[in-house]
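Consider the two complexes below, in which chain A is the common component and chain B and chain C are the respective partners.
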Partner chain A sequence: MKFTKLATVALTTLAVSAPVVADLVFPSLSYRTGPYAAGGAPYADGYADYFTLLNERDGGIGGVLTAVPECETGYNTAKGVECYEATKGDGALAYQPLSTGITYQLIPKTMADDIPLMTQGYGRTSGANGKVFSHVFNFPANYWSGASRIINRIMEENGGTISDRNIALVYHNSGYGKEPIPTLKALATKHGFNLTLIPVDHPGQEQKSQWLQIRRERPDNIILYGWGVMNQVALKEAANIRYPMDQMFGIWWSGTENDALEGMGSHGYKAATFHNVGSDYPVYKDIQKFVVDAGLTAGDGSNVGTVLYNRGMYSAMLAAAGAANAQEIHGVKDITSGMMRDGLEALNVTNEFMAAAGMPEFGPEFSVSCSNHGGPGNVGIQQWDGNSREWKLVGGFEAPDMELINALIKADSEAYAAENNITPRDC
Partner chain B sequence: MFYRESGDFKKTYQKDSQTFPIKFDRWRYYFVMLVAFVVVPMFLTDYIANAVMIPFLVWAIAALGLNILVGYTGQLSLGTGGFMAVGAYATYKLMTAFPGMDMVSVILLSGLITAVVGALFGLPSLRIKGFYLAVATLAAQFFLVWLLNKVPWFYNYSASGQISAPQREMFGVIITGPHATPVAGYLFCLGFAVGLAWIARNLTRGRLGRSWMAIRDMDIAAEIIGVNPLTAKLSAFAVSSFFVGISGSLFFSVYLGAAEVTEAFGISVSFSVLFMIIIGGLGSIFGSFIGAAFMVLMPVLLKNVLVGAMGWPTDLAAHFEYIIVGGLILIFLIIEPHGLAQMARVLKEKLRLWPFPH
Partner chain C sequence: MSADFLYTIEVILNGLMAGVMYSLVALGFVLIFKASGIFNYAQGVMALFAALTLVGIQTGQVPFSHLINAIFGTNVHHFGWQVPTLLAIALTIGVMVVFAIIVERYILHHLVNQEPIILFMATIGLAYFMEGFGDIMWGSDIKTLDVGLPSGGSLWLEEYTLGWAAEGEQYYGMYLDKLDMVASLVAIVLVVSLTIFSQYTTTGRALRAVADDHQAALSVGISLRTIWVIVWSIAGFVALVAGIMWGAKSGVQFSLSLIALKALPVLMLGGFTSIPGAIIGGLIIGVGEKLFEYAIGPMIGGATENWFAYVLALMFLVFRPQGLFGEKIIERV
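Let's look at the complex of A and B:
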């Protein structure tokens, strides 16, 4: 016990002395270690670099400098909670944990602490219901819209009918991978296709038995909900059994440069995406000039322009837009996390706005309201080109089966509200 | 000078057989209790409670439970994560099915449910021993996690298989959920930790504990002198699982508030609790606490030193954490193979004689 007390005393002094460097704080719960580092590092780089760009180019947001303190979670929920507790006292305005597991931990905590939780393309899908989840913002698209868009795409490719098809979902056996199951089940009932569920346990390095099953059953399509090393292994196994790559669809977390195989191995593999691809945007010139050339990159700079870097940057841009919006609404420069929430709830992203931010048509147009925190859910389809080694957009940003998704969101969020005694907001 | 026994006369058998027969020990114990119950709550912040003290107490309870099985009864188990998961899911089911039930009953009932499950998985221990038993309990770990993941009833058919703890109060004070104050959660866990440590200490001093130790030291000899291996082993599994279940229950309801079985209760949890008791000291109550402290506090302390005070990049610090903690484990085990508790014991022997060498 003596040792405990000593350590506690030492910890207290250290925790108290954490410095507050700037006024607008956007903590980054990143993971640059562990089996998911390949995905976590570029995302964290993009997130941090965008705020660095704002500081260097515009002098922050509305003239107030931003800061992005990083905390390593290793994709581990307990460490995520520790990071949250360690950083929330520094005036944190919004959290983006890039982990569905940590998101589930933080949903009740952020609601109690009045800090918005932004989960772009991950997290709890029913968080889109702003009446129940007042502090969760998962625009512009979520797991369910991704799943529905993939099914729509499969329908398009097969002349509008898929009632005779067998579709297999290969998923990371965690909260993240299980999220699309209710939607896919509902869609299977609606369209009459046959759904097979094939779970892969963390971290997903071993998938022999799963692919043996696929080899035996030969599903017509495969939907992949993987992350980190699991994606590469799945694509490699698919190539080994000569599964037709163009019949395989990944969610956006399975559609990065890291996942594609060497050579032509995964040529034709498709993935959903909620933002555009490539680095041909004006904002990259600024990033090159103000961040990379100035030697201020968060990582080693090698990730600039990759899919996950783009996504991190896009999320940072949305957070910054929310902060600027909050400054305008409340007429205060040094906003609090509560004001930040109001700013996000009144967010209106137009094409003009995106163009002004140097990212024309990078993401969809959408506006957030008190009841809808999920945006339109428009999802595009990208395809891997093994020749040029890059992702290309092959399907436009179209709305999924929102009627079905909204019904599921309503049911799931109301179940959460009932379990946790939350009275849905009136709006 | 310290631990003086002279002049400390016991006039009754009861006093003679008390837990801390030496006056200095007793006062030190009272002092630790005073610090834990009165002083620490005064300085508790959200961070200290949720990142340091509550996880420490929760892991200490798990280590206590595993120590009963491995340290006192000699049955090597790798199923701790699975049993913690049973405790957590039992708590979730009880909390959502009976919203009016008070938290103490919920947690004790979760412990009892885990005890039943644990005793069930303890049955093979009657036929298999040593490393083979470790493999059998490893099967329990994988089976339980698989089961809780597979059957949607356990997580109330939620979309992602996540369970989250609703808000519950006790005497008007919020214990679980996001609005719980750090002090409430800490004192709640502390109450369980102290109570369970007290039970463990007294069990191991009594008939049951002696039968466990007899089985551990030589099971055939124990059988000959009349210890029933069935009751001894199964009771060890049941009591151990009861402790581990309570720890899983607190882990889910008070500490994290939400959990996902494969991530929170995987095989790494089983190993980490096993390391706690090996580093702390097998067959020692104090060792369970100090082992948990080492495994929980060291990484947090290092992280704060490396990132907070020295400003290292987070990934570099995370990797160095593993190196330093791993190195320290090696050093401690080389200096004292019987764990930190044995170190404390040696220190105590030295202090008894100090400042005279003989």
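Let's look at the complex of A and C:
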């Protein structure tokens, strides 16, 4: 009995402390448990499956195998930081924590450790200023470009003027949910619409007060910045009060299959997106052949082609592109995280590049530079079709109000630099 | 009538119904605390587990399918049948009874006469175990719960009350969610049934005897083990009811376990040992937080409900530390 216990302990210790054998390490700070698991699991599946595809189909990146060690954060900031500390010593090349809270904590740490922090569609928006945030990469779009694109869309649908409209922002009362407020306030001043802010506390299981207020005030449009159960409840309550769903817009974290559970109840609901929808892309044939059929999927394969799986896969593809770039720039296969940062900073994602990756028109074209880590912020609009129970792209990847957003990014990043004694890079 | 007055009435009515939803969760806590002195941290997870099991059985999902597929290389997810709702509910109750037996046999049985904090810690462990077990058994994806409950606002009520506001005022009729109305009816039936059970049945009296004094109950031949199994089974049933009502709103997902957070201020206010206290406490918290959010919320940035519920409970505790209906404990020095 004692021997069995000792053997178990020894094996467990070995399993936990075993060094990662692959050379290119992309830790996945995932959350497959807890209240946000339904969102975290498909994203983590897509992220891991893409690297598995590269290993199985191409022999890794530049001939070097990749590894995606997972660490469970439970969408908990403290656990996320623990995961970072536990995995960074394994040769981590980049982190994508899928949490704005964790991102905020990791920004100073990754800068100090010279490890890139990739936050596709989340995190600190002003991280787009590469002069200040040398290790943050939040291309191709951020919360502010999403908010601006939604306002542009509302303008398009209303003959170009929205000065007489009441627009309500229903948001997760957290760092994430509050991110678009400065942009929306600036846009409200610019375009003359009335903005009402309606916060919803975590987790958002009970929103009766908020939706009674919406029913009383009847805003012309609703913008939803939710995550997890908050989205499902918000869409259910909106359907309950018979709010016109085509006048309601979500950010991309409120635009997944999970959120439109109601089916026909959510018919017409729109959401911003920075990548395309569905699985009708050549890369999916490869994923089926090399990953799913080979029994190598990170999950059970049921998430393939869903919005969040696509997002995880797309994020992995961008990380892999950065690594390949780094190998080319530095002329070495076994790159370091510092080299990875250089590769990401020289990223140039064209339509030709996307087609070659088996993802034609899956995402917008963009390029990254020393000063601009956010790209042009082009965002598309997708709409839920309750009949076919799927999202459809109804608005192309268009530029938001970058003049306004750039001014906000500059102000916020410079304030951060001043607070943290960071000398902006000269580029 | 002025529209503002009507809106206030609407907020109060919706607050009452939200309070009933909180009470459904609080009831499970009260039942177990009354019978065993255990603050069951796992009550929220029990609601989640019960709802997951109900949907799983109803939709013919293969339990542990991920595990089976990973080990045997198969690709099974569903049996291919649908189980009628009532049968699925009955089977889920059966699962919760089995769960109660396992809890008694493998946890409580070994912790008899331990300090309350030890028992509390055991329920924390139980909560984490059940959450993980539920994940392995049924998966972490969001499941739609369809047991035939109505949803949406009552159109009849809206139209009936539309003309109540004074002329010229913007008023859209009274809004009440049909699901909340059903939940209120269910809660009333549940409380009446539980009260009758505990007051007029032999088992109910035995349950109260155990609650009063374990050793005295044992001395007159009441089986502590049987009573605990019965209490945990009833708490499992109450958890299933709560899981159905909350799951119908948001889909069955792991955040369902957090509904326990809404029950805590209810328990603080109503007392841990009173079934009517759980109901009255829920109603006070529901109305209080909704009215505060309606009247004061917009002035201070909104999202006041989560913290105001606790403030309200603490205000009551200043005057009645044992809660409104809790038993006053007097100990001789």
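The criterion applied here is as follows: the second predicted complex is superposed on the first by the 409 of 427 C-alpha atoms of A that agree within 3 Å, B and C clash if a C-alpha of one lies under 4 Å from a C-alpha of the other, contacts with A are read in each partner's own complex, and residues count from 1 in each chain.
Here is the rule we go by: a contact is a pair of C-beta atoms (placed from the backbone, for glycine too) under 8 Å apart; a residue touches a chain by one contact, two chains touch by 3 or more.
This structure is a prediction, so every number in the text was calculated from the model and none was measured.
Enquirer: Identify whether chain B and chain C fit side by side or clash on chain A in the overlaid structures.
Expert: Verdict on chain A: clash between chain B and chain C.
Enquirer: In the overlaid three-chain picture, which partner chain does A:P360 touch, first (chain B) or second (chain C), both, or neither?
Expert: neither
Enquirer: Is A:T33 touching anything from chain B or chain C once the two structures are fitted on A? First, second, both or neither.
Expert: Both partners, chain B and chain C.
Enquirer: Which holds for A:G62: it touches chain B only (first), chain C only (second), both, or neither?
Expert: neither
Enquirer: What is the contact status of A:L212 with respect to chain B (first) and chain C (second): first, second, both, or neither?
Expert: second
Enquirer: Scan A:V81 for contacts with chain B and chain C and give back first, second, both or neither.
Expert: So A:V81 only meets chain B here.
Enquirer: So, A:P182: does it touch chain B (first), chain C (second), both, or neither?
Expert: Touch status of A:P182: first partner only.
Enquirer: Using the superposition on chain A described above, determine whether A:N173 touches chain B (first), chain C (second), both, or neither.
Expert: Touch status of A:N173: both partners.
Enquirer: Touching A:R124, do we find chain B (first), chain C (second), both, or neither?
Expert: After superposing on A, A:R124 lies in contact with chain B but is clear of chain C.
Enquirer: State the stretch of chain C that overlaps chain B in the combined model; pick it from 26-34, 44-52 or 314-322.
Expert: The listed stretch with clashing C-alpha atoms is 314-322.
Enquirer: Quick check on my understanding: which residues of chain A belong to both its chain B contact set and its chain C contact set?
Expert: Comparing the two interfaces on chain A, one with chain B and one with chain C, the shared residues are 32-33, 37, 41, 173, 199, 201-202.
Enquirer: What residues on chain B touch chain A, complex-wise?
Expert: The touching residues are 32, 35-36, 40, 43, 45-48, 50-53, 55-56, 96, 149, 156, 158-162, 164, 166-167, 177-179, 255-260, 262-264, 266, 286, 289-290, 293-294, 297-298, 300-301, 303-305, 307-309, 313-315, 317-319, 340.
Enquirer: Going by the contact rule at the top, pick out the chain A residues touching chain B in the complex.
Expert: Residues 1, 3-5, 7-8, 10-12, 14-15, 17-18, 30, 32-33, 37, 41, 70-72, 74, 76-78, 81-82, 85-86, 88-89, 100-101, 104-105, 107-109, 111-113, 124-126, 173-176, 178-179, 181-182, 199, 201-202, 408, 412, 415-416, 419-421.
Enquirer: Report the residues of chain C in contact with chain A in the complex, numbered from low to high.
Expert: Within the complex, chain C contacts chain A at residues 7, 10-11, 14-15, 18, 21, 65-66, 69, 73, 77, 131-132, 135, 139-142, 144, 151-153, 172, 175, 177, 246, 249-251, 253-259, 262, 289-290, 293-294, 297-298, 301-303, 305-306.
Enquirer: What does chain A use to touch chain C in their complex?
Expert: 32-38, 41, 173, 197-203, 205-206, 208-210, 212-213, 215-216, 218, 228-229, 232-233, 236, 239-242, 258, 261, 295, 300, 302
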